[in-house]
Amino acid sequence: MTPRARRRLVRVVKRIALYAAALAFTLFAVFPFYWMFLTAFKQNRDLYVGGTVLSHIPWIFNAPPTMEHVELLFRQTLYLVWVKNTVLIGAAVVVITLLLAVPAGYALARLAGRWGERLGIGVFLTYLVPPTLLFIPFSRVITWLGLQNSQWALIVVYPTFTVPFCTWLMMGFFRSIPRDIEEQAMIDGYSRAAVVRKIVLPLGISGILTATIFAFTLVLQDFVYALTFISAVPKMTVSLGIPVALVRGDVFYWGSLMAACLITSIPIAVVYNLFIDRFIQGLTAGAVKG
Amino acid sequence: MALPSRVSPGAAALAVSFRRRTLADREDWLARLMLAPALLYVAALVGVPFVLALALAFSGARAGSLDFAWVGWHNFLTIIPDPQFQRAVWNTLRFTLVSQVLVIVLAVSAAYVLSAAFAGRRIVRFLLLLPWAAPVALAAIAWTWIFDSTFSVINWTFLVMGVTRRWLYWFGDPALATIAIITVHVWRMFPFATVITLAGMSSIPQEINEAAVVDGAGFWRRLFQVNLPLLLPIITVAVLFGVVFTSTDLSVVYLLTRGGPYNSTHVLASLAFQRGIFGGDLGQGAAVALFLLPVLVVVAVLMLRTARRAEVGT
Amino acid sequence: MMEPAGFVEIRNLHRHFGDVRAVDGVELSIKEGELLVLLGPSGCGKTTLMRMIAGLETPTSGQIFIGGEEIDADVPPRARGIAMVFQSYALYPHKTAFENIAFPLEAMRMAALAVRGRVQGAAKRFGIGHLLGRRPRQLSGGERQRVALSRAVVRDPKVFLFDEPLSNLDAQLRAIARYELKELQRELGTTTIYVTHDQVEAMGLGDRIAVMNKGRVQQVGTPQAVYDYPANTFVATFLGSPPMNLLKQDGDVILGFRPENFFPHEVVRPGDDVATFRLRVRQIEYLGATRLIYGVPEGAHDDVTLIADLSSQITTPIAEGETHLFAVPRQALRRFDPTAGTALSDGAA
């Protein structure tokens, strides 16, 4: 083999290895979603065939796909109620979060100086205090407030992690706005407060949008608090209702259950993906000194 | 020298009207005003429950009543000799460490693959992020179905491929249940670590690698002597996040095994939930959860160190 | 309190960051309508000084007066009657050129019709009338600079502050922009403070130059005076390219002379009063219009290199390696104190 041909071969092999690795990672990541998809649309006789029956290949549709599980989900379960609950709770939490986190993020980025940096790190560390450490005292606080089994409990509690997280995120975004522009506006005749309103907020709109999306997804992700505070099935969120209330004893609900998982996860994942770059940018902009 | 029209009358009048500074100019007061709501909220709803968590651990408080009986070290003396508790501590450490080691290896490899240019890179990245974006409880329930005792697709595949001959009861055997739980944690956390590592990689100047190539360094030397040391701070951050999310997670264990079989897979979070909320013994639950605190303190300290080192580096 | 003499008056101004004295006791008086250039190396405190005048930075101590009124920390930037052009131009990225220029007028709550007239007038002056609908990222560097200038002039400020506004332009554009800027300033007659580290810009633009180093003003004067009679060795070497030759003599004095006043002995007319040095020629650079001769004087105490900047009219053959006799007219010689570095009076300055 000539050296040139060998080099070409090496290149081709490398290329193949690259694609094989990419494929392996992708399959690992995607396979549960594919399984949700299959389960959601398979007929029961295709679905509930024991795994020891080696002649029946579970990875494909052996019988024509069906909509019966999806119909069951929408018609005979409380899925849509849970979606509505989640959206309402999410919207309320987003409003509270933005009202608190946007001003705080700006103050930490621009106004608070040296101790602002320390305070920023402190705020970030509170995000690391996990729900599993706080759900027990919270259950007592919620009892004090008389909010057991009320969605208000979640609306009050969720900002405890969305606010620190979004404050940190907004701090990063505000730091990435050039100082010059704000100082120019102050010289052009505006007070600091007016500069925030007329320059900083319009320029930070993409950051605010990112914070909104992530506050909402954090709400959707929660399982612990919902499990602790809410026991009435019609008041549950999707993240709680689907895994806890869709399973009924020994009746096989897997088709509808997986349909619910799929229908809930995919839109979130798509939106999440759209914002992930801005999100990383915000996080790292906060980490690097401005 | 000055032209007569220089200052228009309107402008001059106005200059007088807003001469002095107001609250809107006072940056110190604005800072306090803008920070106060967020800080108060966090202090009231993270700080107070945090202190309450400490207090409850020393109390005989029970769910459903508002009594608060001081019992001293009683809760700790009860749980520390408890084999279930010891098992939970060991499991928390084990699940966290094993899954995070696997996450690092997978994330660095995946980041390397994704940093190479190839057709379909964007779609691969999109798909890789799915596990992290999907709500964790829903993902966990999907995995429960994948590991089902009668219909597991993994078992079918293993049998067909000849990996195993016997039927694997994933949640019926402590060792298999451990594998299942770690698999789900790895699956969920590695996309996040990949994205962070990738961001770190793109911040390494291309010239450094080019210089290393010119100096005759091969792939492995470049990986271990150039790229990994440069990536270390950002990988540390990813791992620390991973440690927090994994060690404190309740939903995976709760939905996969409920701590079973024979209470062999309980972690601190799930045990705290079982004792505190299901069992109604808030005091004991709080005491169990409190053992997460050392992990968090270590993580916080390491996080601050990394941040400071990165600061010195820039 | 003494009535301030200049239109902008700065008295004993300090700004300390911890142990660092960024501005360390500056006294400066800027006359009405004058263009004063603050010149100095980076970190000399010139930008901090300007930012204190603008109100973006609070002085540690000292006073600032504009138009006879004291401007203290209670007067926010918006109320100081100044306009500033940043090095980055600091255009608002989410606003069109029109909205950018109109922004300071809106702060004054000027009527929309009047705003429109003013903006269009300013834009026309800078030849950007056709670009008013564009956003900053759709404009070239030169166009952005013009938008920034329009925004500065549109509201008739009492003082202009310029922070290296030309350094983002390429070399050719910069020369034109410098000319236009000076013309604009003369026409408006607005008192102007201009910060730069570029001595060519400073010499070309300034009515007067204030040379700064280490937080202090080293010398203030017309470009000619500062160049010809530097107050100390810092100013002597900071201004001029190549810098002034400094040569330590016996008898506790440093002699200084400009390279362009340093000639081969052959071109000196008999009878001219000159000082002579024997120079071992190390290197020669041909730069087109001039020729630079680098050499070491014989019998010098320390390792010092002198430079002669010969115009192409001087055709005396000089070769690298030879020893050649050079001369300086005595009236071009400056003398400095070797310890303090300050100029010793020859009765010249």
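Order of writing sets the labels: A, B and C. Residues in every chain begin at 1.
Just so it is clear, contacts are C-beta pairs under 8 Å (C-beta built on N, C-alpha and C of every residue); 3 or more make two chains touch, one makes a residue touch a chain.
Everything numeric here is computed off the predicted structure, so don't read it as measured data.
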| item | value |
| --- | --- |
| Remotest chain, chain B as reference, centres from CA atoms | C |
| Chain pair that, of all pairs, has the most C-beta pairs in contact | A-B |
| Rounded Å distance between chain B and chain C, as computed from the means of their C-alpha atoms | 54 |
| Rounded Å distance, chain A centre to chain B centre (Cα mean) | 13 |
| Touching two or more other chains - residue numbers and ranges from chain A | 191, 194 |
| Sequence positions of chain B contacting 2 or more other chains | 21, 25 |
| Residues within chain C bordering two or more other chains | 76, 78, 108, 155 |
| Complex contacts: residues of chain C adjacent to chain B | 32-33, 74-76, 78-79, 81, 108-110, 155-156, 158, 188-190 |
| Residues of chain B touching chain C in the complex | 1-3, 5-8, 10-11, 14-15, 18-21, 25 |
| Interfacial residue positions of chain C with respect to chain A in the complex | 54-56, 76-78, 80, 82-84, 86-88, 90-94, 103-104, 107-108, 151, 155 |
| Chain B-facing residues of chain A, complex | 15, 18-19, 21-22, 25-26, 28-30, 32-33, 35-36, 39, 47-52, 54, 58-59, 99-101, 103-104, 106-108, 111-112, 116, 119, 121, 123, 125-126, 128-141, 143-144, 156-157, 159-160, 163-164, 167, 191-194, 217, 220-221, 223-224, 227-228, 238-240, 242-243, 254, 257-258, 260-261, 264-265, 268-269, 272-273, 276, 280, 284, 287-289 |
| Sites on chain A touched by chain C in the complex | 178, 180-181, 183-191, 194, 199, 202-203 |
